[in-house]
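In the two complexes below, chain A is the common chain; its partner is chain B in one and chain C in the other.
The block that comes next holds the complex of A and B.
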């Protein structure tokens, strides 16, 4: 289970953290302690950002003297631009596929009576535990025989399938919680089934679909091993593999440029996390829609 | 005219529907499920089954055994048992999982969660944000940051007081464990924070009234109540860490030598650098087996508290 999937699976707590008022003098000490830990965690991040703006960046923490964005220019043209474009393709296509497939399956699993539904759901849960390392070699072999190697598209399908089990589980639970009263009310008013689907059900499901899509996108964006093995075409290199190749290129490691490359590659993911955390912790509330 | 709505589940009212409509619904339902089933069967179930077979063959990436490979029975298994690098890899994997995952991340995560309960809002929010940011970064970025951080002359070497030494060469497992702990602590912090919030305040207050000090209360009251959360945390950390590839591979490629070649990295090296696809699969299968055994052990640990019901 990846980090982002785990966040989505966290129990939702709505009560605020109760800060106990203690008369002890320990609180300032605790504050300082936590700040120290925070500072320790901050150091590596600080280095990254400072180095990215420092044309003469080395591997030690230093303030950039000429504070410039030269590294960003250099990195972009040395491959970061193309690689991030590839990451966009891989993440985008895999997200579209995974989300479409999972929404359809999740909807049916939540709303219809299906034989063996229980077994199917257990199977899906079980599949989330199978590591990529096991599937890598057989998938590679299968791709060899199908001549699907070195293709961004087929690699995207594999990336999509990595997210599908969890997405189905997520969407099935989400859709299952959408109150049926809306649809029943609309049906009583005489709306046809298709109309109900498009004008009532889908708008209510969209938050769940968005969360699933964002999580899949984040997962696929940082993919390293799968593209490394399944797509050796240099023109298809995604961001993660690109950074790795840059790192292990012969000669002096270009710390500044690599730092800029890493920042460029990481920012989209950070933004998506910020957006999705609002959805997740805000809860999937159908505020105002259901009376009583 | 029959109703155009599916009968509400559980109701006694049965609305008769024309056979055609029912048939169409079944077709649509199956049709909507088909793509996911196809994807899951084709890219999960079949590869898993295929892996179980391939682990017992002599398939290679190039050469004669790439085209015509054969089932070799327990040959791979024998090779593994007699392969010193394999056992070294198992040891490294356990060090990595236990050291950086279970110990470092859980202790740090718990510490931060406990601190977060008592500190200033601003401190909690800002430190929390930094720790979470470390977790949110793509793995390759973490690898690069810590790679640079631990080079000769890098910041870490300055902190350790040995500016000239390339820490990644001298203490590779330590650096890699630190990197993983840095990255993963946020997860434990969040999960254990949620667990702490669910500990009823009355129990702790009762213990306080009985005169129990902070540490005593922590270990005899709070943590036992949090046992399920702790177990789930350990389980998830173990599963995630045991199959982690990118971080270590990008930092060290398993080196220097084999000093950081945990099982996933060793598998990759054997399969794609030494062309031993069959043997590599066998290693992967062993990895999954170890993960499964540990999972079962953890889940078993969740059970005893059901037996703790007062007679």
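The block that comes next holds the complex of A and C.
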């Protein structure tokens, strides 16, 4: 029977063909498992929020009774506002420095023929693995000799330097994905290196820059040891150090105020993520610039 | 406008020689097309002219200026890339005006020039669009417009039509010729498509394996190819290349090929003899092999009898592959020729229309 004959022999029907997907027996089990894992990670966060509104909060999960914002009031009174301001300064300045340095270094490493580039990149990769505790004492000695102690700005530089190696690798790879034709087209139109970097490359790697900036910001935001050692000025105390001091106060742990302080300390990072997620979800788009 | 001169230019990447000892002069205002198969060195040559690659040896002059180590931004050239290279984060208007803005041209002048070129290219309605919203043809026009706005001393085009469909490619070929007539700027155009080369070029530069094969006007390249490679690359359908031997029956000179002996003139015989070659390759264009009666079309012309193996109807003409004397010969016939696969056909050709090449070197003898 030919193919045409086989088709002609099929019964006529006007009913739509319904395809039912066979449900996997493992699906409900997987769903329950994922729910349990999610709850395990969400429970501490739930405790944090509930405890922050509970004047009698303890170390166990309980509904606030009565529901009160007293803990937040006390946390502000204990210096949460100033500490968050200092953290914003440290994280902000270190992010700007690290991102600027890493973008320029990443561009040169991605695009230019540099002698010993391979060895330099391996060295940078190695540097990302060095723990901060190894560098703290020599850094402290340098700060003493340069009279840089107790300064938020110079502390920010150290925080930035801790993020630069990883950011360079990250941005070098992002820049490497930008088709070279864009830079060549800009060059032949008369653009110099700086113009190409700022007018062509950077606008195209905004998601990459945001990723690098957010990672640097979060690392610097939560930095504890570096600010503790390099800046002993109480007025410069950042949030992470402030929480530590708060926990040690009076030899007791005020869980409710601690929780409120932690929630307040988390808010800027959450806002940052919400604002930047719009950019990050877009990914890279060279659509229309080059074929394919 | 400027003359472009490459003298003994060689480009190597490690041990690989991409361009070997290239000598080329592109006259002021000339439209030169560099053509060849993939990997022949044509794009590398263009990139050296643009300044993206520096010659390993040799000199490159644009105008009177030695350009070997001059960066691209200082060469006053404009380039249209194979993949358009439109900046995706800029609108069409900003893409067009990029070069002018880099040079700090006053905004009023930028706007008027952008408007003028957009109107000329038919993309006025697209000025606020982003490249992602454009079709392939529209993007190509924007890329062309960006190059035209610069008023450079030379245009460089790197396979600008290769990403377009056949119909649009044919349309853009006409458009490019029109634009060049309107803006007679020195142009170097790279393509692998010999149809583009034949239809658009003032002169064609044919390259293979990094070496220059021939530089000539399209009609000369077609009629008098310098070697077997040029003969085989230019022309569609491909030229028939047939092995042959020179014989001297009864003191006269003749070519033996396709199981036939063809008398040749003393002039042809002298040229072949002077090359001291034993064997020759005869190149006959398909349009020069014509069906005929068993007695032949013209007295003195050989008559070949063969069996039709493949028939390719193309509408306006039909290409027929015929097995003659153990070799396949392609000829062109009018449409509706009535031929069938397996049928016998008689063919005739004029040896004076053929090109004869040395069988070992491939170089043209006559």
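To be clear about the criterion, the second predicted complex is superposed on the first by the 209 of 292 C-alpha atoms of A that agree within 3 Å, B and C clash if a C-alpha of one lies under 4 Å from a C-alpha of the other, contacts with A are read in each partner's own complex, and residues count from 1 in each chain.
One rule holds for everything that comes next: a residue touches a chain if its C-beta (ideal position, glycine included) is under 8 Å from a C-beta of that chain, and two chains touch if they have at least 3 such contacts.
All values reported here derive from a predicted model rather than from experimental measurement.
With both structures placed on the common chain, the touch criterion links A:262 to chain B but leaves chain C unconnected.
In the superposed model, A:42 lies in contact with chain B only, and not with chain C. Taking chain B and chain C in turn and counting the residues of chain A each one touches, the greater count comes from B.
When both complexes are overlaid on chain A, the residue A:203 reaches chain C alone and has no touch with chain B. Applying the stated contact rule after C-alpha superposition, one finds that A:184 touches each of chain B and chain C.
By the touch criterion defined above, A:124 lies against chain B but remains apart from chain C after alignment on the C-alpha atoms of chain A.
Where the contact sets of chain A with chain B and with chain C meet, they give residues 184, 187, 192. On the side of chain B, the complex with chain A involves touching residues 3-6, 8-9, 25, 29, 32-33, 35-37, 39-40, 42-44, 46-48, 50-51, 54, 59, 108, 111-112, 115-121, 123-124, 126-127, 130-131, 133-141, 143-149, 151, 153-155, 158, 182, 185-187, 190-191, 193-194, 197-198, 201, 236, 239-240, 242-243, 245-246, 249-250, 253, 263-264, 267-268, 271-272, 277, 280-281, 284-285, 287-288, 291, 295. Of all residues in chain A, those touching chain B in their complex are 1-3, 6-7, 10-11, 13, 15, 17-20, 22, 26-27, 30-31, 33-35, 37-38, 41-45, 47-48, 51, 58-61, 100-102, 104-105, 107-109, 111-114, 124, 127, 129-142, 157-158, 160-161, 164-165, 168, 180, 183-184, 187, 192-193, 196, 221-222, 224-225, 229, 239-240, 243-244, 247-248, 253, 255, 258-259, 262, 265-266, 269-270, 273. Those residues of chain C that touch chain A in the shared complex are 50-52, 71-73, 75, 77-79, 81-89, 98-99, 102-103, 130-134, 136, 139, 146, 150, 156, 163. Chain A contributes residues 179, 181-182, 184-192, 195, 200, 203-204, 285-292 to its touches with chain C in the complex.
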